[in-house]
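The same subunit A turns up in both complexes below, where it pairs with subunit B and then with subunit C.
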Partner chain A sequence: MNATNGFTPGHSYFEATARQRLQQILDAGSFREFLAPETVEVSPHLAALDLPGAFDDGVIIGAASLGGRRVLVAAQEGRFMGGSVGEIHGAKIVGLLRRAVAERPDAVLLLVDSGGVRLHEANAGLIAISEIMRAVLTVRAAGVPVLALVGGSCGAFGGMGIVAKLCSAILISEEGRLALSGPEVIETVMGVEEFDSKDRALVWRVTGGKHRYLMGDCAELVEDDSAAFRLGALEYLDTHGEPEPSLFTLRAVQQHLSDRMVRFGAYRDGLEVWADLGVAQPQQVPLLDRDSLVALKKGLPA
Partner chain B sequence: MKLNNLLDALFPAGHTVTVTDQTLTGTATTAAGPVTVLGTMDGAAISHDIALRLADCILQTIESAPGRPLVFLVDTSGQALSRQQELLCLNGSLAHLAQCVDLARRQGHASVSLVNEQAVSGGFLSFGLMVDRTYALADAQVRVMDLKAMARVTKIAHERLMELASNSPIFAPGAESYRRMGAIEAIWEAPSAQLLETALVELAKGAGLADQRMTVGLARGGRYLAADVTAAVLAAD
Partner chain C sequence: MEKLEFKFPSQPGKISPITALCGVVGSGNLEILVRTGSDADVCEVSIKTSARGFGEIWQAVLTDFAEHNPAGGTRIFINDMGATPAVVSLRLGQALTEYLGVAQ
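Entry: the complex of A and B
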């Protein structure tokens, strides 16, 4: 992408730590952390298993401004236990979302980078994700949009894949992945013929950002650059309000999902789906840069 | 337990429930009034089709029977594990189902779920844990994964996990762990029309509108960090 497209590239979002992403995406110097590392207990559940904890339990939360808007933000650290949700980690996100209901910021940003439930705290993690799910919908019902940003090394899997899809919109990079079960899990349980998790090209054609964008499961495809995520979030907030939860909307989603099961339900590879969508050369999709892919999607038959 | 025995015990005044592809939908009569009955059976792995069928039943209830409670019967082994399902964003269909449960709550439909056989991870998240109140039968299995698989994935010895599980509800599979942590309201020794009615009457007064599971988990001594951490976030400068 060239720099004239609205941002100056420079920092790979995929490569960055959660703290770097916050620095790079939010207005300079605006981030104010809640429960800074020295103030938080380290997970006693990990200690009980003789495993090292982290002082932020793998998620950083706080308030900031984004292009002058007031936002609350959570950033998961994929480098700590795969961004997994344990009891403290989950409670920090729930707390942030409940705070959003009370404070009504202009938006909440969730920088999702997580494989889902932290197995070492499995029950606490599962319940926390359920609490996050309800809290996201309560924030949205209060009229505050919740944006999920997906482009880290752990993607958005398991319960965090569900949480991402409960958000107002998902911004994803080509490197981002979004799904429920990880390919490794499917391969382990169902066999390598079902899903070869070592076949990275296949994994991306099934779970990757380009596929999710082409299918409309993610609202925006952005470059793997923190500045592009920032710009994408700003553009989304400029052009979208947060509608009240309604029967009409969910009926429309129900119809859309049902129609697409009929149309695409038998496919097992992104290549088949893209061909059916009207992409003339589906095998070229993985090679296209971001701008070309966005142009391609805009040109597809409605 | 056979589905009909379960339905007869919960709804002695009558029920009309049909089963399609491990998904049940229908209506029943309770002392608290008519309810929509829906859910899954035989350890269903939640697929797009199952999620959409349940979601449709919820939306139909909102459309045609304002305020009618939803009673979910939960028996799920988790989410469907297949490339085909993931290709079409299975997490999206599960999120849609969860959103329908949430919309029903906002539109005045009380909701309860009863785990009668098993409830596992994603399948449990999408509806069983989204309702106002979750209950489980005493012999129901509730878990993210069993300890043997957990030992394999975490590379922690199975014996060690067994030992820790015996005194911590944090990862010990079982409905009782979830009760102590506040996610399951109560464990029923047997399916009971009386207990169901009591739950519905309480929820009709609005008892399920706010998510109280953290507070309950703290009071029951099963989850002692989450409530304090959340409170600290709310109070942070």
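Entry: the complex of A and C
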């Protein structure tokens, strides 16, 4: 397949910073940043706690083109305070989404890399997350698809896990993770017997990209490569429109989730879930490459 | 957090139309913003750092930077999360290169 617009493939999405991801995924030279560094205040909450902030408060927003389509895009920087959503960080994303309602771009891309709310900012962060959720749904109701790309070191957890699931679709890499409470949160609250957050293999079997793809939580599993995320997003936008919101669809999804809870709720590990899904050798799943796993999923009973 | 302010004499560089930003405020790392300053042969630096009490080391690293690079005419802002002197030097070089890279 041909990556267009002078794009150079071969960059690990996981290793890249948020700004590098934007350069690598969007059409070359097309990104125009909104609220560039120095034009927006740094977090007053972090300053009050005597902590240095970041010029962009850990998220970069702007307009660009993707394969010639007009997109609005936000990229979270997981290396700054775990990609956490503080007041300014959240306001930037909400503003971008509201702009999407007014401008009706071809799509909105959220490059999610976040542990969720920035606890230092407490209620301001929580409110910001809820505003993002509302704004994502408003954008979708306006007929603009919102894609979540998940493949950074922080994954999509907490409120940003919910935001990702509110999007039209999620593209995830094997390295990506998606869940509500993070592994360390579960261990802290429920004890190590409930969940051993140091067991990285277990963490990925329960929250990782392959598991989420097999479960149908993510539309696409892509390689850990910015080119793969780019192509995955382009393919999705080529083949999907944004459907009208409907109560019927919502009820069907709710029913599906309830059935899933009954079917898998007692399991302790992805291995058990995969066996139940019909995977003949579940212990092999973590070793499969992306293409083999996609083929395996295609062969599973519906 | 500690706030530090420095001014160093430095050889004038080209005036660039851009603001350069590199690095991330992550553990052991820092972000550096470089834009055009007011005085052609001065490099003015403002630092916010999570590590207190390292003013002398900052001074030494930045003095070395300003002596060996055409950093005159720049205004530099740093947000630091405990980067080592070696990392600071490398990032300063990277940020200045980026700033001067598109100079006309």
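Operating definition for what follows: the second predicted complex is superposed on the first by the 293 of 302 C-alpha atoms of A that agree within 3 Å, B and C clash if a C-alpha of one lies under 4 Å from a C-alpha of the other, contacts with A are read in each partner's own complex, and residues count from 1 in each chain.
Simple rule for what comes next: a residue touches a chain if its C-beta (ideal position, glycine included) is under 8 Å from a C-beta of that chain, and two chains touch if they have at least 3 such contacts.
Note that this is a predicted model, so its numbers are computed, not measured.
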After the overlay on subunit A, what do you see for subunit B versus subunit C, clash or fit?
fit
Per the contact definition in the header, classify A:Ala142: touching subunit B only (first), subunit C only (second), both, or neither.
neither
Which of the two partners, first being subunit B and second being subunit C, lies in contact with A:Leu288: first, second, both, or neither?
neither
Subunit B versus subunit C as contact partner of A:Thr207, first or second or both or neither
first
So in the superposed three-chain picture, is A:Glu41 touching just subunit B, just subunit C, both, or none of them (first/second/both/neither)?
first
Subunit B versus subunit C as contact partner of A:Glu77, first or second or both or neither:
second
Does subunit C touch more residues of subunit A than subunit B does, or is it the other way round?
B
Please work out whether A:Leu271 is in contact with subunit B alone, subunit C alone, both, or neither, and reply first, second, both or neither.
neither
Please give the least Cα distance, whole angstrom, that subunit B and subunit C reach in the superposed model.
12
Share the list of subunit A residues that count as touching for subunit B in one structure and for subunit C in the other.
none
Sites on subunit A touched by subunit B in the complex
34-35, 39-41, 44-45, 48-49, 61, 87-88, 90-92, 94-96, 98-99, 102, 117, 119-131, 133-135, 137-138, 141, 156, 158-159, 161-166, 178-181, 183, 185-186, 189-190, 194-195, 206-207, 211-212, 215, 217, 245-247, 250-251, 253-254, 257-258, 260-261, 264-270, 273
In the complex, subunit A touches subunit C at residues 17, 19, 36-38, 42, 47, 50-55, 77, 79-81
Within their complex, subunit C touches subunit A through residues 1, 19, 21, 24-26, 29, 31, 33, 35, 48-50, 77, 79-81
Of all residues in subunit B, which touch subunit A in the complex?
48-49, 52, 55-56, 59, 62-63, 79, 81-96, 98-100, 102-103, 106-107, 121-122, 124-126, 129-130, 143-145, 150, 153-154, 156, 160, 164, 168-173, 177-178, 181-183, 211, 213-214, 217, 223, 225-227, 229-234, 236
